[in-house]
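The chains carry the letters A, B and C, assigned in the order they are written, with residues numbered from 1 in each.
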């Protein structure tokens, strides 16, 4: 080891190192500097054989750490992160205990620190920790946070950070609560887009036949004709509704499927880009965010996956998803028995049975 | 989990289902589960108008109704003998099952409405035994013990008695040409009647009175003669003319239940 | 499997509806108690042996009761045939099936067979003869002959005995009607034990020793059962009159034949069956074959499903394909104790060509599919994918999917899907990609005359078939390339998918969007804990809990406890929720049975409440006339009201029966 001619300028070296590191840290907040990184800056002088002056380096770094400009982290092995000068200021004037507590909260970053963890790691007394937390809070250094993952835990986070996705639950949570309204809005937006891209609306489609076969008219036997007339005469009220429904069904039938092997169904990428481009939502939604909602739409039986030639997956809407609820209900629920609240009790001769059934009374008059 | 089995049937929300096996959450008093009907008929969650009958369904229903109508007119159908005509619908609970049927509808006859009246003469005939003679059977496909039933050999003696009675009736009828004449053949004459409706009204009124007399005679005699015969009434049903006879039966065989009883394997408790 | 309580109740009601009280009392006790001799029946029914003998005669005649004489004891046992009893609910549908396929005459014949039960050809002839005579005499019908006429005026759809024979042959050939043999009157169990006894005597000297002999016995029984069934199959041994050698199997071809001068009641456009001179053996005894009818009903259900998932035109083409298969399928479900389970890779199939040939000209395959520019369609990739999937599943593909073998190879594979012939003028897509030679060739074909048209039609039909094959429900599976593509239908998986869809519809309605979502999630992902469900279903934990509890109470889903260690405390236990498809299906079935019973009971009540007016229409003097003619205004209103109610209730029965079919028979 070669001794230097003069005493090293610790303060100068420290400033130079700090000024080099700070921009790097700002560029990437996750970066951690190690001993080699410090030497690579070529600020700490080395001997002609290229040996670094480890001792000097340690002294410089210790000085920066003391000034709270550097923070020691274990990442694995010892490393440092850089604080801004304002940040460093906050650390000054803290007691050792407060400093320790603050550093745990700091280290936890955007995940937040659980008080129980602070206690077990610091080995401080509960009262000391509470006092420290109170002080830190009053100085606006830390704030309480809620984690979606662990709603019961008392957690703290540095005031200038916001909780990460795991704690907030990602874009789907607002204030720690699942934002179902938001979710439904996006799902509907996605679904509408997929639906539009799934079917071909044919204005001219009028049914399977080239022309109305005359058979339909001729075939009606007298009873059928009568039955039909009865239906009209007997149920005038229903006619309008019936018409509405048949209109609806006609429209529905005009939505034709695309041919097998159709490649232009929307893919996840297409949907992601489209959502982003149209700025429907202030939040940025990633492909994996949207994937989750597409999965839900699949569970809801509104869309399904299709394999396309590019080897990817695309989505198309299911035909029945166009029907409203009345038109797609189960046959079993048409009669009152389907969802009868007292069906288990229903037995002729019992208190509730077909002969005194009020639901049937009402239903038969519908 | 397997303990619940499939046998639970129905919607399965039976009484025991209240305890939730794996409550992974704290008890939350605010959660309300739909249970305990306060009223007999709590509000129904969705009474909705069924989808209109399609033309296909219309055909199927018409087919069904027409078939059912034909079967009911045909020889194999047996009318209900419900003791209480106003009783609610049929029960098939193990206990009450047999009790709901009368063993003899005549014994429970309503004296005011049960008697055949003139206006009821076109009502479809009530039958408690199928009229096997009106249907072709391939005897060999049936178990041997039913052959005599199919051939109508059963109660041959009864028939002989009846034949004698019928002969007397016919002798009296021979002088008249009445529309109801063909009745004994077993072929119903609904349409006949329909055709004769207007013109034959007078004639049939007279005939009716006469026939009633005849039946009185025949009935009384038969009654005496057949007292020890089993199931005489049923034989009558099977072999007797269908448009006549309700009053005739009523007078003739109100003791019929006892006859039946002799035939019961276990004596039966008839008098519930 | 013994029928459930709900099923027993329903069947008793059905028998009661059809044949009245006496028969249903007997039938109910037989269903409940199993096989019984008359003596014990009498004890349980409180009916006299005489009444029982009459009732049993009717039940046997209608195929509702099996009988078997035990030779050792000399006792005859009776046993309920629940399949046949349930078939009563389907009578209306089965008649419609017959009419759709073979015209009104066939419906009329089936109607009569329902009335008569099993009967010989000569009995049937007599029934028709006596009716026609009535007509000839200007006489209305007699009470016991079976009539089908309204107002006593319209002419029976069957207008000659010769035609009757032809209709019967059609029905026999198609399997909807089958010859009756004595062995059918024994219940399957009785037949089985009888054969077992016989074979034991013949081949094993009375009893078997060891597992090997037992297996041998089983196989022999199965072979014998199979042989017995094969024996009674209709072999088409109708006698034809000389000089009339025309073949009898044409179904649609019959249109061409000369019409009988008195065949005026037949309607143009309907398939017609006329006397072709064939005569059946008059002693042949026949009845309706429910097994085969179920195949037809299943096809109808599948077509409706295809319409729901894909579209109307495609479903019609599918219907035609299924109609071809129908001829080759005697029953919906294989009976493991009779059928040899053969590992055939593919069931019966059809080719695109076959289908197109018989497809009704009224169906225009050029419509019903959306238009896409050629660049947007890639069927080659589809087929590659298909074959890859098959290989990975190690399914041997017959005829191989590789391209280019056989003269029927389609002219273009890639990019031929531009439907320029669609009768649709609102094509939003620009015609592009003229450089594709394959496509140009295609366009030329469009202009070509008849042969090109035919080829074009084939291509169009094929597109629909491909849609069916690529749908998630897998309506069809491609098995080869001959005849523009060979197809088969894997009914079992398809029906399973349909059941699933039906259960889903119920879940959605009964438990809302969230319940539907959770149940489907559990079905797809298996057992899940609550936390995973929150993450995946995007529902609030509290809502999920409430919903899961609600569904558990209803028995739709259940929970499994997995202890994490030997202390079985709650907080050391993982709770996994799961959805039991089979149980859900059972619940639907049972609920449906019960609902059908209630509707039938209500029907009875409604009829009784409207007894006064209904009695009027049943009067023997007017029952053959239209109630409009003889009822006064008030009565007519009452009558219409009750008639509409009856129709509504019967309509529900029919729809619910669709569920029973789906979950029990198809």
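What we mean here is this: a contact is a pair of C-beta atoms (placed from the backbone, for glycine too) under 8 Å apart; a residue touches a chain by one contact, two chains touch by 3 or more.
Keep in mind that what you see is a predicted model, and the values were worked out from it rather than measured.
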Next item on the list: Would you identify the chain whose C-alpha centroid lies closest to the centroid of all protein C-alpha atoms displayed?
Entry: C
Checklist line | Of all other chains, the one whose Cα centre sits farthest from chain B | finding: A
Check: With respect to inter-chain C-beta contacts, which pair, A-C or A-B, contains the greater number?
Finding: A-C
Notebook entry, point to check: Using mean CA coordinates as chain centres, what's the chain B-chain C distance in Å?
Noted result: 32
Next item on the list: Mind checking the centre-to-centre distance between chain A and chain C? Centres are C-alpha means, answer in whole Å.
Entry: 47
Item checked: Rounded Å distance, chain A centre to chain B centre (Cα mean) -> 68
Check: Among the residues of chain C, which ones contact at least 2 other chains?
Finding: 509, 591, 594, 601-602, 605, 647-648, 652, 655
Notebook entry, point to check: Can you list the residues of chain B that touch 2 or more other chains?
Noted result: 10-11, 13, 34, 46, 50, 53, 59, 62, 88-90
Margin query: Quick check on chain A: which residues sit in contact with 2+ other chains?
Written below: 223, 227, 231, 329, 333-335, 339, 343, 348, 353-355, 357
Margin query: If we count contacts the way the header does, which residues on chain A are in touch with chain B in the complex?
Written below: 223-224, 227-228, 231, 238, 241-242, 245, 326, 329, 333-336, 339-344, 347-349, 351-359, 362-363, 366
Next item on the list: Show which residues of chain B lie in contact with chain A when the two form their complex.
Entry: 10-11, 13-14, 34, 37, 40-53, 58-59, 62, 88-91, 93, 96
Notebook entry, point to check: Contact residues on chain A for chain C in the complex?
Noted result: 172, 177-178, 180, 183, 199-200, 202-205, 207-210, 213-215, 218-219, 221-223, 226-227, 230-231, 233-235, 253, 256-264, 292-293, 295-296, 299-301, 304, 307-309, 318-320, 325, 328-335, 337-339, 343, 346, 348, 353-355, 357, 360, 364
Margin query: For a test of understanding, state which residues of chain C touch chain B in their complex under the given definition.
Written below: 4-6, 8-9, 12-13, 16-23, 25, 28, 32, 38-40, 42-46, 48-51, 53-58, 60-62, 67, 69, 76, 91-93, 95-96, 99, 107, 111, 114-116, 118-120, 123, 126, 139-148, 152, 180, 182, 185, 285, 509, 530, 542, 545-546, 549-550, 552-555, 558-561, 570, 573, 575, 578, 582-583, 586-587, 590-591, 594, 601-602, 604-605, 608, 615, 618-625, 646-648, 650-652, 654-655
Checklist line | For the chain C and chain A complex, residues of the former touching the latter | finding: 150-151, 154, 267-270, 308-314, 316, 362-364, 367-372, 375-382, 385, 417, 419, 423-426, 463, 466-467, 469-470, 472, 502, 504-506, 508-510, 513, 516-517, 520-521, 524, 534, 536-540, 588, 591-592, 594-595, 598-599, 601-602, 605-606, 626, 628, 640-641, 643-645, 647-649, 652, 655-656, 658-659
